[in-house]
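Structures incoming, each one as C-alpha cells.
In the two complexes below, chain A is the common chain; its partner is chain B in one and chain C in the other.
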Partner chain A sequence: MKINTTGWHKYMGLPALLLFATFFLLPFVRGVGLSLTDWNGFSKPTFIGFSNFIAFFSDERALRDVRTTVLFALASAPLLNLVGLALALLLNKGFRGRVVVRGLLYMPAVISPMIMGSIWYLLLQPKRGLFSILLERVNLSSEMNWMLDGNLALLVLVSVNVWQYAGMTMVIYLAGLQAIPSEHYEAASVEGATSTQIFARIVFPQLLPSLKINSITNIIGSLSVFDVILALTDGGPGYDTESLSIYIMRMSWGNRGGYSTAVAMILFFIILVPVLLALLLFRRTEGI
Partner chain B sequence: MNNRHRHTQRAPMPWYRAAVLFVISLVAVVPFYLLVLLALKGPTTPLTAIRLIPDWHIVNVAAAWKKSNLGRAIVNSLLMTVGGVAVLVLLASMAGYSIARVKSGLNRIIFSILLLCMMIPGIINTVPLYSLLIRLRGINTYWAMICVMAANALPFSVFLYSSFIRALPNSLEESAVIDGCSYFSAFWYITFPLIGPVTASVVILQGLGMWNNYAQAVFFLQDRAHRNIALAISLFFQQYGADWALMASAASIALIPAMVFFIAFQKYFIEGIIAGALKG
Partner chain C sequence: MFAHTRTKVVLVLLVILVFLMPIGAAGTKEKRVTIRYFSGRVETVAWEEEKIAEFERLHPDIKVEFEFQKDASNVMKVKVASGEIPDITTVVTQEFIDQGIYADLSDAAFWNRILPSVKDLCTDLRSGRQYKVATNVTMGGLFYNRDIFRDLGLSDAQTWQEFVSNLEAIKRAYPDKTPLFLGGKDSWTLGHFVEFWAHGVVKQQLGIPASRQAFLDNAVVWDEPGGIMEHFAQALLELRDKRLINSDAITATYDNQKETFASGDTAVINQGMWVVGDILALNPAMEGNIGFGPFPSVVPGLRPMVLSAEDSVWAISASTEHKDEVMTFLNFMFSAPIQKEFSELRSMPSAFVDVTSDWGVIKDDAKRVIEQYANINFSTEAPSGLSVDDTGRLIQKLLKGDYPTPADFATSYQKLWDSSY
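Now for the complex of A and B:
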C-alpha cells in the first residue's frame, strides 16, 4: 500500500514543535509560574507574588553568586576571544604539522568539562596536585593556596576554562581568516599598507562573523558555568566560587523549589541582556 | 588545494615561531601526560617522588574500571547520545525543511519560538522540568534524557537546517514533484541526502554536548544503572577522594572514547564546528 503524503510537508515542523513544547517551553512557562510561589518541591505551590525576587536582593549568598558569575564571564569571554584569535593568527600561515597542532589545541574542548575539571583538580590541588608538586620541585611554587582564597580560586577556574576552550574559538577564527583571499593582502601591501592597517581594514571586517558567534556562545556559556566549578572547587572556599546555576541546583535540592526557579529567571535576564546588547552591536557594525 | 602547494614551497618558518608553536602545543598536551603519570603510578611511589616516565602500574586502570562501573556508564552515554542525536536529526531536519520551503503562519511561529529560545541555556528549565518528569515517570529513564537533550539542541539545529535548505535551489524537488512525488517524499529522497554536511555538523556538535552532558544528568539520572560518564566520574571522585592513582585512572578511562573519536574524525570535527558556527 502506498501512503499518500501530499501536503505533509506543510506540517513537518509539528513533531519538533511538540517535543520542544513538552520538554522546553512547558517547563519554562511553569518555571515562570513557580517563581511566584513558595513551592518546596513536593507541596502544592501557594502564590506569594514577587516575594522570591525581593528575597533574592537581600540574599547575601545569591548576590555573591551574581558577582562570581559575572566576574567569571567578564574574564572568561574576552580572554577566550583574545587567546583564540592570537592562536588563530599564529596558525594562519601554513606550515608542516599545522593540522596536528590545531588538533592538539582543540582536543581539550571535546572532553566533558566535568571530567576536565576533575583532572585539573588532581593536578592543581595545593601540596597534593601533581602540577603543584612538579612546580615545587623546580622551586617555582609559592605558598599561595588557591583553594583557601576565593579570588585565586576564581582565577584558577577562569584559566582552566580558557585552557579548555581556547582551541574552539581558535578554530572558528581560523576559518574566518582562511576565507580571506590572499589577493587582498597582496593588494594592500602593494599599496603600502602597514600591518596594523591591514588588520584593521582587511582582516578584522572579515572576522566579524567569527567574532559574533564566539562572543555570543562564550557569553552564554560562561554565564551559565556549572560543571567545571563543581569539579574543581565545588563552589568553595565557602561559597566564594559558587555560580548562579550551582545555586539554582542547591536551592532546589534544599527544598526551595519556588525560590530556585526565581533565581533561574534572574539568571535568564543576566544572560539575555548582554546577548541582546551584543547582537545589537553586531547588527550596527555590520550595517556600516 | 592550490594553497597547499604554495605553502610547501615557502621558506622554513623562523625559529621563534616554531618555538612558540611548540610551547603552545606542550601546554595543551602536558596536563594529559601528567594525568597518565598519575594513573600509572606504582603503589609505593609517593606523589612527591613521581618521575616523568610512567611507572606502568596498569593494575590501577583495571581496579578503577571495576570499581567505577564506567563500562556501564559508557554504554549508557552511548545509548542516550545515539538516541538523542537520532531524534534531533529527524525532527530538526524536517522542521528546517518545512520552514525553508513553506511560508505559513504555523512555520513562522515555530521558527520565531525556536529563535527566541536559542539563547536560553537548559539549566534555566531544570527544576520545573524535574517535577514534570516525575509526573511523566521519566526520572532514571533513557527516553526522558533523550527527549530533554534533543529539545535543548533543537533551536540551533533547526536554525542551521533551515538556513542551509533555504540556500539550496529547489528545482530538483520541483521536478520530482512534477513527476508525481510529494514534497514530503522529495525531502527524504532528494533534499536530505544533499544536506549531509549540516547533518554531520549537527551530529558532531550536539552529539558531543550530549555525550558530555552533566547539568541535566545530575538531576534526571540518579540511580546507578542509568548514570552517564560525567556523572559516574563525579560520583567516583566523591567516593574515592583519597586514592589519586585510582581517580586518575578512572578519569583517563573516561577521556578515551571522546579522544579516540576526535582523533579518528578530526577533519569532520573541525569542518562540522566551522559549518555550524559560520554558515548558520
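Now for the complex of A and C:
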C-alpha cells in the first residue's frame, strides 16, 4: 500500500510551534494574567486590574531604572555597532596573524558576563585594583573610584559591555564583508572610486543584512542588560545603576510577584518598540 | 520410576519456592521512609553530609534527602510556591510562620535543654508558640585588632565621643591603616549598621519583648526630628567627614573587609562572629589578635550594645507526613556530642545548656561583653518587605552625599520602612 504523503509538509512546523507555545506563548499569557494580580509568590493571586501598572508609573525607583536602562542601551547599542564594524573592516584586510587577532577579539564574548563584571571590578577597584596599582607605580593618585558616581559607573558599564561583545558584532560584519564579491571592489577601483566611495556605495549597502542583525540583537541585549551590572556595581551606589531587569528580579524576590510580572510586561514593550522601529527602518532602506 | 517422579515434584516445588521468595521477603521488609532536609548553611554542608550518613547507619529505615542551596531563602519561596515544602528546613521567616508553613514545636522535649533567652527569641509573638528552634547563639559587634588597641592603650568605647576619639587615635598613630573599614558594595554589611546601631537603640530603650511587639505593630517613629535615625545618619557622616572610614566604603566588598582586617591594615570592623573563621583562614596568625567589643550608642545616654541572638534555626513542615522520623532525626542532630561539634565548627556558642564547647578565639571577650553591656537581638519582626540590602543602599546614598541633611535620610528610611509592611 502506498502512503500518500502529500500535504505532510504542512505539519513539519508543529514541533517548533509546540516549543514556541510552551516556552513563549503560554508563559506570556500566564504572565499577562499574573501582572493583573497581587500575587506575592506563594499566596493565591487576587485580581487587582491595572493597579500594578499604575503603581509602576509612580514608582521613583522603577522610573529611574527605566532611565538607566535606556541610557545604557542608547550608548551601548550604537557603540557596539561602530566598534564591531571598525574592527571588521580592519580585520578584513590581509595581514599576518589575522586569525589570531580575530580569535582574541572574539574571546571575551564567550566568557560569562558575570565573570567579566567581576574581573573588571577587580581591575578598577581604587587602591587594590590593577589600574590603581599601575597608576601608583607612575606616582599618580590611586584613589580614583570609577564606581562611586552613578554616571561614571554607567560609562564604565557601557565600556565593559562594548569590550565584551564588540567581537561578536565584528564576526557578523566580517561574514557580511566576506560575502561581497571581490569583482565589485575591482570594478569600483577600475572606475576610479575612492575608498570612501567604495564603502558608501559598495560595502555599506551590502552590509545591511549584517547591520540589521547586529542592531536588533544589540538593542535587545542592551535593554535587557543584567549580569554585567550585577557583578560590577550591583546596581549601586544606591540604585543609580540598577537596570529594569535587575529591578524585576529584586521585586520578585521581595514577594511582589504580580508587580514584578507587570514590570516585565512593560520591559517587553520597552524592547519591542525600538525593535519594531528598527525593523521598519530597515525595510524601508532595503526597499530603496 | 516413582523415585524419579518424586524428584521431579521436589524440583518443581523448589523452583516455585525460589520464585516466591522475593514476594515473601517484600512482604516482611519494612518500608524505608525518606525525609527531605533543605539547608542554607554553607559552612556546614560537608559536616552535615557526614552526620546524615551516620544517622542513616543508625536508622536504616530512614533516608535523609539533603539539599543545600546558597540562596536558600529565595529557593525556599519557590519551594513553598510550588507546594514542595521540605520536611525539615533551616529557612524560617515570619511570613512563612504567619502562613502556617511550619509545625508547632512548643511541646518538644528539647526545649528543656535550650537557654530560656533563646527560647524567648524563638517564640512567635502573634501566637506565643514556637515554630522554630535555634541551636546556637550568634553575636555581632566591633572586631578590633588587639595589638593596635594594646599599643595605644584603647578599650571599649562607652560613648559615641569615646568611639570617635579611639578611631582618631588610631588614625594619628597609624596613618597607613584604616581605623574602621566598611565593605559597602555588599550592601547587607551596611544594612547591618541599621540593624545593630539604629534598631539597637529601640531595643535598648524598650527592652527586647516590647521592641519586637513595637516592630510588629509599626509603632516606632524613625523620622522624629532629633530622633534615632537623625543621630544615626549624623554619626556615620561624622566618621566619613573625619576620614575615619575607608574612602571606598561604598564600593569595597565584604571580602575586602575581611582581607584588610586579616592583614592588619584595618583596626576595626563592624561584623558578626561568622566573620572569625574566614579571618583566621586568611591569616592564621591573627588567632590571638582578634578582639571583640560592643558598639557605642549613637543616641546619647544609652549603654554600649552587643548583638546576641538566636542562630542556626530549624523548622519542620506543618504538612510533613513523617513527623516521627523527622523528630528522630532532629533528636539525633540535637544530641550533646553532635551539638558540641557543631558549635566548634561554626565558632558559635551553643544554645543547649548541656553543651560545653571550645567554640572560638573570641570566647572570653564574648562572655565579658555579654555580661557587661546591653544585649540586643535581630530585628526579626521588622516588616517582611524590608531587606538589609535595601537599608544598606540608603546608607550608600547617605555616604555618597545624596541626602542634604540627616533629617532627609530619616524621612527616606521611614518611607522605606512603611512601604515594606
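Going forward, the second predicted complex is superposed on the first by the 257 of 288 C-alpha atoms of A that agree within 3 Å, B and C clash if a C-alpha of one lies under 4 Å from a C-alpha of the other, contacts with A are read in each partner's own complex, and residues count from 1 in each chain.
The rule we apply is simple: contacts are C-beta pairs under 8 Å (C-beta built on N, C-alpha and C of every residue); 3 or more make two chains touch, one makes a residue touch a chain.
No experiment lies behind these values; they were computed from the predicted model shown.
Legend: residue contacts after superposition of the two complexes on their common chain; A:51 is shown touching neither chain B nor chain C. Once the two complexes are laid over each other on the shared chain, residue contacts for A:128 go to chain B and to chain C alike. Of the two partner chains, neither chain B nor chain C is touched by A:92.
Once the two complexes are laid over each other on the shared chain, residue contacts for A:254 go to chain C alone; chain B is not touched.
When the two complexes are overlaid on their common chain A, residue A:206 makes contact with neither chain B nor chain C. Partner contacting the larger number of chain A residues, of chain B and chain C: B. Contacts of A:237 after superposition on the shared chain: chain C is touched, whereas chain B is not.
Within the superposed three-chain model, A:41 lies in touch with chain B and with chain C [touch as defined at top]. When the two complexes are overlaid on their common chain A, residue A:159 makes contact with neither chain B nor chain C.
Put simply, chain A uses residues 41, 128 to touch chain B in one complex and chain C in the other. In the complex of the two chains, the chain A residues touching chain B come out as 4-17, 19-20, 22-28, 30-31, 34, 41, 87, 90-91, 93-96, 99, 101-108, 110-115, 118-123, 128, 130-131, 133-134, 137, 163, 167-168, 171-172, 175-176, 182, 209-210, 213-214, 216-217, 220, 224, 226-227, 230-231, 245, 248-249, 252, 257, 260-261, 264-265, 267-268, 271-272, 275. Per the touch definition, chain B reaches chain A in the complex via residues 3-4, 6-8, 10, 13, 17, 20-21, 24-25, 27-29, 31-32, 34-35, 37-38, 47-48, 50, 87, 90-92, 94-95, 97-99, 101-102, 104, 106-107, 110, 113-114, 117, 119-121, 123-132, 147-148, 150-152, 154-155, 158, 182-187, 208, 211-215, 218-219, 229-231, 233-234, 237, 244, 247-248, 251, 254-255, 258-259, 261-263, 266, 269-270, 273-274, 277-278, 280. Of all the residues in chain C, the ones that touch chain A in their complex are 74, 77, 80-81, 95, 99, 185-187, 247-248, 250-252, 256, 384-385, 387, 393-394, 396-397, 400, 402. The part of chain A that touches chain C in the complex is made up of residues 41-43, 125-128, 143, 145, 147-148, 233-234, 236-239, 253-256.
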